[in-house]
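Each of the next two complexes has subunit A plus one more chain, namely subunit B in the first and subunit C in the second.
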Partner chain A sequence: MTDDALRDKNGGMAVAPSFRLQRWRVLVAVVAVALAIVIVPLFLNALWLRILISSVIFTIAATGTAVLYARLGLVSLAQVALVGVGGWVTLRMWHATGLPFEINALVGAFAAGVVGTLIGLPALRMRGLYLALITLMAAAGFQILVTGTQFPNGGTGVLGAAVNSVFMPRPFLGRSDTAMLRYVCVIAVLAYALIEANRRGHSGRAWALIRKSEACAMAAGVNVAFYKAWGFALSGFVAGLAGGLLAGTIGVLDATTFPASESVLLFALTVVGGAYNWIGQIMTGLLFRAAPAFLNDIGVDGNLAYVIFGAGLLHAIITAPNGIAGQMLDLVARWTSPSVKR
Partner chain B sequence: MGAYGIFLVAGLAVGAIYALSGIGLVVLYRSTGILNLAYGALGAMGAMVAWQLEQWNYPEPAAWAAAILLATALSLAYGLLAAPLLAYREPVVKAVATLGYALIILGIANYFWVEAPRRLSLFTDQMGFSLLGLRITGTRALAFLATLAATFGIAVFLKWTRVGLLMRALADRRDLSSMLGVSVLRVETFAWLFSGILAGFSGLMFGDLVRPNPAALTFLVIPAIAAAIVGRLQSLPMTLAGGLLLGVIESMTTLIKPIAPYRTAAPFIVAALILLWLQRKRRLTFVGND
Partner chain C sequence: MIAIGGISVSFGGVTALNKVSAIFNDAIVGIIGPNGAGKTTLLNVFSGFVEPDSGHIEIFGANLLAMAPYKRARWGLRRSFQTEQIVDDLSVGDNLRVVLDSLPDRKRRGNVEIAEALQFVGLLEKAGILAGTLNVFERRMVEIARTLVGSPKLVLLDEPGAGLRRQETEMLARMIREIHDRFGAVTLLIDHDVSLIAATCMSALVLDFGERIALGPTFEVLNDPRVKAAYLGVEDAA
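Let's turn to the complex of A and B:
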């Protein structure tokens, strides 16, 4: 059966692409990573360096939404809130202990993983629309909570919010902006590796079965509840990691960065970029942070980015379930193997 | 009464808007299976155009009419052009698609009306009356009464008219209804129409009572969904009760000092708890009905 036939049977949602490794895909990956890490940082001005850093950070967060949407068909509208959780815990840890950044960020990522699992717990019994709504409520609730508590910035007490901010220093390996961009790229590769390892292992097979039919999965002895919760934990973990990196880049965080609308937008862009392919999340990160800045650069009102995103989302959902990444790959596939009829 | 009364009245007015928006969502969801996340954006566009017309000194009825007509037209446009393309997809995919529509409308509204402090004032603000020693403005009374009237009117419509009957048929079993010759698109058009009118009206009311700001109005859809969840996305009376209750809880907690900064989270907490409560007896489903 071709990929397209599979797609149609699943109501327009693509199933996991085949597991076979295509040599050119690996090549593209290696070239992209090398470009991002070694060469690109040399050619950017200060503004664009910062924009790219935050794009890569949100790429990391998007890998979480993508894994839930593509592997389990679950819509999570609270990802940016989980980024906030990770950032909050990372800052809290640093102000309390002064430990190196990496340890704080890992603790933050674990905390976000736990919170993500808690938000996802209802998904063990609820699916589809209701789950999306629960995550939306969680995102809206987090926005209000964090506006009230603010982020720790050297104050006293558990909340640690002060009027004058103490900045958390950059991670040791990312003191300059150029170094920081390389640093977040390396973390992004690690996050991708973590997700990919899961996809290829036990969890990936369990997810594929659950996606097909929960009944079949149960009959086959898959612990459905565990593997769904595991998906949420993983998604929360990468979100928390992104939050830690965001805190590490800027040194302080502000509640206005994490409204529910951003969570919703990140999910929308995950679909637009393409959830079924790793390139898609790079697209998501770029669309989320770089596209508005780019439009500003060429003199187009940044608000029009929303119009483009909205149209892109409708287009992706109605006609192109694999998003921009899918369309790019289709193009490449057409060039490299003209015999394949699409 | 004193402070309690003031916050109760304020809460009932905001709660009425939540309820009204929730009812618009429920009416649409029941007949079409679409949870319209662009609902707030429709109202936002309407309210912003009303504000603009007011700035240009157009007569006020024109502003009212423009707000409601525009929201209705936008609602119908999606219902007739985009929604049919997704008729056979899962509910969550349909909902996500409306998110795209919301982003388009929000982007356009933000483009024309950049973030700035604004005030929308309607003639009902000047009217008002005293009840038990509290002054109640006409807008608050109107929001409350219109919500009651809309709930009642729609319930009667669903119960007693032919289109209402067909809407209920669609809500029960879409495929069977269509097989029995119900013109699905025509009935759905009515749902989009009602929902659009309600969206325009609640946008106008919210713009007056809170503030006319595209983003704030667009994300008014989140508490509206909370109200609709109280009604399980099905029941109009429960949605009404839910919306009013959420508004009152949100407003009254202003009086409890330690949690006052977090009071606007009340709708989401209540809605999340209700969702958890509703699914308490569910098991992992074998048939894919969400």
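Let's turn to the complex of A and C:
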């Protein structure tokens, strides 16, 4: 009897009502995203297609920042630099080998995963402000490095930088802007799935215990160092993937896209968007790339976005620790369950 | 058999444990002593959170202190904490599963082991719900169940009775007495509640200011004048 009571038909643990609700929610989310992928690109002009592609790409990068922050309580301020690493390796690979985009981007993602793990090694000993500072220094280091060497664009030698750029072609499935937007959306869904699979498995349980207390995790047999490093590897991997997609969209990359300040901004917007829920990182991507463009579009200086971001961060820290996504979900919960009154 | 040999721990100038040696042969052993006696420090040496200045611990022939802390758990060491460490946003079952995750070859029997441990503490029907919804007693029970999955060899319980009502403490005592028969593990129990120790432990080690002042069958130890003095204050003995 004991065994039957614990297993549902999938062989997993018995599913409580709250989990059923989540499944229903996941289904709605999948349908919504699928519709958005098919329909939204049809109604956008060229500029907004590009902006949305870029927003989705940084949504992918933000899922990495969010997994470190929400699951492990770690602050990484090097995510945009890792996007740059992924982009650099993807371009280097293509100019050297001419292999299909997907292979180059995967190599780039793995490379960024390795670099991310190296940056995260201090996290095995420290956390909080000191770790944040170390990751920020790594981001600054990348900025200096890449400003000096530039991105590979068909030149000779290991660095492969030339005066006249050779553009890397778009991925086969993303030749037009409309197709590219759909392409990055599909990759984003895969990145989300990768992180969700980790969250639901061994890693997620280990992370949850580490966040609770490292002593408790060790006492339960969790290899704390490994699972922290794994968090950084995963976060770096999705950042690298985003970098490959950025390179794949534009064909060349420029050092000015990856200053350390952008890494800080991406982290701040991860908090504003909401790190604990997947919708949050979509918000992060939109705030990071679409919000400044939107302000420009309606005739306001796009730099004003930074002021809004600052206010948003204050708001998030003081009243909404779950970010915009958390507030949206609260709202939905209030609509769907009228018994809850506040 | 558990053999503790000459364990010394000092924090700065404070000696927390001073050459404590003891041999435990019983299935349930109590560790008692007044506040600051070094009980939790001794448990932390077992767990690997505190590295002793000297000494060794041998359990069933294994050199415990040579293993990394997380490997001790994989070897079969389990513990509960004074303030329970249950993860609110994991299900009750997943709070236990995390222990099995790090053990090889547990996939097939995992659910059975979790079910057995949860049934033992009376929480089987709550396996799928989030641990954050449990009450104080249930949370304590989840933590005890977590020490029982994955073939434990030695279970360390650090004040499991703290904050429980009398009825709950009696249930807890019944459970602790059954651990060895049901799961094959030896239990080391710390508690301020001497009645819980008396109700469960065959033998007890008494610490005071980091020194061993008594070791032996529980009823003898509790009647030892030095133990009484340590608990009631030295002026009684003077």
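Convention: the second predicted complex is superposed on the first by the 314 of 342 C-alpha atoms of A that agree within 3 Å, B and C clash if a C-alpha of one lies under 4 Å from a C-alpha of the other, contacts with A are read in each partner's own complex, and residues count from 1 in each chain.
The definition used in the following text is that contacts are C-beta pairs under 8 Å (C-beta built on N, C-alpha and C of every residue); 3 or more make two chains touch, one makes a residue touch a chain.
A quick note: this is a predicted structure, and the numbers were derived from the prediction, not measured.
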item	value
First (subunit B), second (subunit C), both or neither touched by A:Gly221	second
Touched partner set for A:Val307, first subunit B, second subunit C, both or neither	first
First, second, both or neither for A:Gly148, with subunit B first and subunit C second	first
First, second, both or neither for A:Ala206, with subunit B first and subunit C second	second
Touched partner set for A:Arg25, first subunit B, second subunit C, both or neither	neither
Partner with the higher number of touched subunit A residues, subunit C or subunit B	B
Touching partner for A:Leu124 - first (subunit B), second (subunit C), both, neither	first
On subunit A, positions contacted by subunit B and by subunit C	11, 13, 215, 218, 224
Subunit A partner contacts - residues on subunit B that touch it in the complex	35, 82, 85-86, 88-93, 95-97, 99-108, 110-111, 114, 215, 218-219, 222, 225-226, 229, 261-262, 264-265, 268-269, 271-272, 275-276, 279, 282-286, 290
In the complex, subunit C residues that touch subunit A	47-49, 69-71, 73-74, 77-79, 81, 85-87, 89-91, 93-94, 97-99, 101-103, 111-112, 114-116, 119, 124-125, 127-130, 146, 150
Subunit B partner contacts - residues on subunit A that touch it in the complex	11-13, 75, 122, 124-134, 136-138, 140-141, 144-145, 147-148, 214-215, 218, 224-225, 260-261, 264-265, 267-268, 271, 301, 303-314, 317-318
Touch list for subunit A against partner subunit C, complex	2-3, 5-7, 11, 13-16, 18-19, 202, 205-206, 208-209, 211-213, 215-224
